[in-house]
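Letters are used for the chains, namely A, B, C and D, taken in the order the chains are written, and counting of residues starts over at 1 for each.
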Amino acid sequence: MTYLLEARGLTRRFGGVVALDNLDLAVVPNEIIGLIGPNGSGKTTFFNVVTGIYGAHGGSVTFEGADITRAPSRAIYNAGVSRTFQRSRLSLPLSIFDNIMIGNHKRLNQGLWFNLVRRGQFKREFEVNYVAARTLIEVFEPQLAERMLEPVAGLPMIDRRRIEICRALISQPKLLLLDEPSAGMTHDETKELMDDILQVRDLNRNLTIVIVEHEMGLIERITDRCVVLNFGRKIAEGPYRQVAVDRQVQEAYLGVE
Amino acid sequence: MDVGLLSQYIMNGLMLGMMYTLVAVGFTLFFGVLDIIKFSHGDVLTVGAFTGLATYIGLRSVGVSSTPLLLLAVLVVSILAMAALGMLIARYLVLPLRSAPALNTLLITLMLGTVLREMVRLFYPQGANPKPFPALLPTDSINLGQFNLRLDNAMMLATGVAIIVGLRLLLNRTKLGLAIRAVAQDEETARTMGINFTAVVLITFAIGSALAAIGGVMNGLYYNEINFGMGLLLGVIGFSAAIIGGLGSIYGAILGGFLFAALQTLGAVALPFASAYKDVFAFTVVIALMAWRPTGLIQEKISERV
Amino acid sequence: MSRIVRQLGLFFATALFVGALVVTAQAKDKVKVGFIGPLTGGVSVNGIGGRNSAELAVKLRNADAKATYEYELVVLDDECKPNVAVQVATKMAADKEIIAGATHYCSATAIATVDIYHKFGFPIIVWGAVLPDITYRNKYAEVHRVNGTMIDQNDVNAELISKLGFKTVAVIHDTTDYGKGHNAYFSKSLAKLGGKIVGTFGVTSDQQDFTAELTQVKALNPEVIYFGGLTPIGVRIRSQMDKLGIKAVFDGTSGIVSDAFIQGLGPLAEGALAFREGASTEKLPGGKFFLEKYAAQKYDNPPEAYGAFSYAAMDLILDSIEKVGPDRRKVIAELANVKDRDSIIGKITFDDHGQNTVALITKYVVQDAKFVEWEDSEYASGKRKLSGQK
Amino acid sequence: MPEVMQEPQAPVLPGVVAVAFSTAYLIALLAVEMQPLVIGLLAFGIVAVLAAHYMDWLDPVSRSFAEREGVLSAYAILAACVVAAFFHDNHFVLLLFVTVLLYAVATLGLNIEFGYAGVLNFAGASFFGIGAYTSAVLNTYTAVPHLLVLLIGGTLAALIGSLLLLPVLRTRGHYAALVTIAFALLLKTFLEVNDVLGGPQGMQVKGMSILGWSFNDNFEIGKIEMSFYLNYFVTSMLLLCTTFVLVRRLERSWIGLNLDAIRLDETAASCFGLDIARWKITAFVLGNFVIGLAGALFGMVGGFVAPNNYTFADSLIMVSILLLGGIGNPWGVVVATFIVLVLPEKLQTIQEYRFLLYALIVIVVLLFRPEGLLPRPVRRYFPRGRA
């Protein structure tokens, strides 16, 4: 079968520390993969290497068969990969709408002439996207849809997460990388958020998700398959129930060597 | 080129380099502990020089005439005064802006520099005019053909070297130095290690500003003239030196300081018919260096902020 | 009812009348005149000396019962910088209330502003700047000058040093029109007398470190270093010469004739040469009168070298206004026919370029921390010798 | 239809009233000469603003400015013309006014680089100077039509600016700051030592003239004599309006959004496909072009250029204006320019102290109102009342 995303022997070092050690990881279209493992096991680093923030020191990454190992972040986004960040990275002074639109970059006309002179056409494009953003965020929180032009700064964590996820989803990516969406949120909030994400996924069937998460309940509930990392190495792979009982995994979590 | 002439150029270069280094080291120290640029540094140097001059005039007016005593007093007073000034700046202008983007600190200190400069110009008696600075060092000189070695220049060079070596020892061999380096490495860890962050910052600013005071007095003794604007260019050059050297690294600052002086002197010699272009030459090279090594020649920390 | 109307009428009538009175009173005898000079920066002593002298002229005139108008002096500072000068000159010329002005000590500022005075039809008399072009480049009716130009000055300068048997000269000049002018005229007159220029160096007027240039000068090993520039860098260059052990004679221009030069250098100033057009103030016809009046005002600055010229310029302006009234055009016309006019600096005659012809040049040498006229100095009498003098 | 378009639209009246008041105030301030009166007026002004603030009269004003910008801009232009007309024969006031307008234009240019894209530029005055020197040289040695000269001035500033692009793009933070600071000093020294361009002596600049209409001659309308500076007033006003519209449209477009995104978080921005270099270059080149354009015109207005007009200190003044007005808010820039340039002119007593004053103001602003006097409001692409 063809993989959507495939990492082969992926390696990344920071000074002496090996954050990704010869990692093989394949993602099948339309599945939801849980990427788990103790802190510092290389989960976030994997996202950062895939999205081109860090270069790889070894191995390769292919997306839809195309090698993206050395591609710049923006090329990877344009190919259809988008992500959220562990520490929410919204542009706080900007409005909700603006933040979502940042995620829509590739679908907006960026021409100088168009933006500065053809204001009529620009207005039409603006309205189309405004409606799009509005309908998307309504799925998560109708009230936010009423406050599209208010700055993000004042909003609670859960809303920021929602906006961040909308920013990642608005361009209708093929692959969504979720980096600890539950961080800084209560159990119920997280649950709510996940239901919303799944709801979006139902609207857009060919969305594949890789999620890094510590909330095992959540992982169990939504993932088709889990990959467990430790010290940048893959130590287990398979349905949650299966990996959960894996000795190595338990040792990794209990820190037994 | 004639050896004597050559050594004369080298001597000029060394003197300049020493003064630049004293300023640059200050910049790099501040950046080390706080990741900020204190741009008023050059003007602190000016204030230091004028404090020294005022001390001199004051003491002369009350009848003190022994040169060594005067020199000592001038140094001590201006060093202490600037150390205090440095602490005040850190306490009331720099630390309060910790949370704001580093750009604000850069701007606020830039503006503080203007304030200090204008204060000297407006409130020091006839501060707008260049002031003669007394020659407090023996001016005997040995003339070797084209090369004229002045005792006072030699002494200043020696002092400069001594100071830098001393600073190096302070940073590497003392508890305080350890604390400073700890904060420079990682503020949080330093705190958890029980280091009083604020105290360390204040002391670092005191040390840096004291260096500026010495630089100012040295400048006065070398040119026998000081003016309210002297600090601006010295500050910018010191800043450039610290940057091309690589912020946060003492060696970088030293390298940068002497490199810049070398560039100027080289510019003056290499372009004999346009020695006036030496600064243009030096700054062009600086910009080129930035393009080639965006984070300086010797890099210990990168400034990710702003 | 009608009473109210009448009262109102009366009220307005008086109001109008009073108002009219006030207005006419305002308009009548208050007349503004201007002064521009360097009040801050390295040459500010000269500027302040000039300012005080101009102010003195105004004070004396206001004290004079026969004067038709009451004068108010508007003082602006050109900092001896062309760009600042242009701003303040525009400011003064644009202000229609100011009738005329005594302007500029620095040639660099004067040459930069003449076009502005012309553009606004604002009559001025230059009181200190010596660059010939100020009056001679264009033929502006607005521009006049009471002091002489730098040409004669440099002839005399070259004469003296070759008479003293110096053959080789290195020239250091600032790169403003002032310094360039001095360089040009001096080089010309020295060449005539067979002297040799071994090297010429242009330096900026706010340069701090001259060791690079001076090291090259030292290699050329001249007997004399001619300096075409103003006091501040003059001081720096002289003291850095000492740093590099350069023994050559320091030969300056009118630009360093000021106490600041001596204060700045202390003993190092000894034996420096300088030249100035016009007799030294004490020897001027009205010099005694001027110095007394000046002393009486208890200014904390001396009038300096050009104070007398500033006084004369302002006095001339006031005379003209008294004669033809506060009207720029008339004043310009009046100044055009100034001929053999008596003043404290002797007879003033403006040629067709508004230039006063001053033949006399005074030579100075610094002796015991004073600018002494060469003829009266121990250097002339041979009691002392300039360094390297045969 | 999105609901932004259906909001009840704010009344235009408060804005108009505000404009009217400030016009009257400005005229009074510019007219009075006697120092006590000036000081009184200033005090009154400050009190008035504070009072209005506590009476909550400012909110309706700002709201009507936010939503009825088009109309109110028209009123503002009208107001400026009224002031100019009032001082039609007063050279000095008009010169001051023109200076303010052109500095505002330049600072708007700086705002594109600095306020939107976050590209540090401490050489604003240098690019201003490049423009001025361009018109000096071209007007002296060539017969290039003067309107074209303005464009060339801008282009040249942009071109010379792009020499810095490599270091500007590669460096971050303080290192980036150094690049422009070094350039500012480099250019000033270069102009000073370079004889062809007049050295420290500077150069005279011939006045502007278009189709034989010489801007430097006074002219008469009816029987009334007009100051020649009115010519420059009109030109500068046109330039300011164009720049203002440009900056506004830039901000209220996807490009404005890109620039903000880059300023606020480069990494996140690049993860969403933004080409950091492309947009930084756009901002830097565009900004310098605007600054150079203003500089070229200013050269002709002043009639004189010299290295000392374009020092690092002058660049800092531009930055101060930007900070004082409120980074990113064009209205703030205009207001701040008036404050920073007119205040010292009127208060002769503080003339000497003006740099000190600027510096102190900026320090206070940074400490207590880091957003500036008129903080930039959150972006509205199509506020009501503006197609």
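Note that in this section a contact is a pair of C-beta atoms (placed from the backbone, for glycine too) under 8 Å apart; a residue touches a chain by one contact, two chains touch by 3 or more.
On a predicted model such as this, the values are computed, not experimentally measured, just so you know.
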For the chain pairs B-D and C-D, which is connected through the larger number of C-beta pairs in contact?
B-D
Give the identifier of the chain nearest to the protein's overall CA centre, each chain being represented by its own CA mean.
D
Please indicate which chain is farthest from subunit D, where distance is taken between mean Cα coordinates of the chains.
A
When the centre of a chain is set as the mean of its C-alpha atoms, what distance in Å lies between subunit A and subunit C?
76
The distance between the C-alpha centres of subunit B and subunit D, rounded to whole Å, is 35
Distance from the CA centroid of subunit B to that of subunit C, rounded to the nearest Å?
39
Would you please write down the residue numbers of subunit A that are in contact with two or more other chains?
none
Residue numbers in subunit C touching 2 or more other chains?
175, 202, 204
Subunit D: which residues touch two or more other chains?
189, 192-193
Hey, which chains are touching each other here?
A-D, B-C, B-D, C-D
Which subunit D residues qualify as touching subunit C in the complex?
90-92, 95, 189, 192-193, 195, 199-202, 204, 216, 302-304, 306-309
With touch defined as at the start, can you tell me which subunit B residues reach subunit D in the complex?
31, 37, 93, 96-97, 100, 102-104, 106-108, 110-112, 114-115, 117-119, 122, 232-233, 236, 239-240, 243, 247, 274, 276-277, 279-280, 283-284, 286-288, 290-291, 294-296, 302-306
Within the complex, which stretch of subunit D touches subunit A?
1-4, 246, 249-250, 253-255, 257-258, 260-261, 264-265, 267-275, 282, 378-382, 387
Inside the complex, what are the residues of subunit C that reach subunit B?
40-42, 44-45, 175, 201-204, 206, 208-209, 211-213, 215-216, 218-219, 232, 235-236, 239-240, 242-245, 260, 263-266
Report the residues of subunit D in contact with subunit B in the complex, numbered from low to high.
120, 164, 166-167, 170-179, 181-183, 185-186, 189-190, 192-193, 312-313, 316, 319-320, 323, 352-353, 355-356, 358-360, 362-363, 366-367, 370
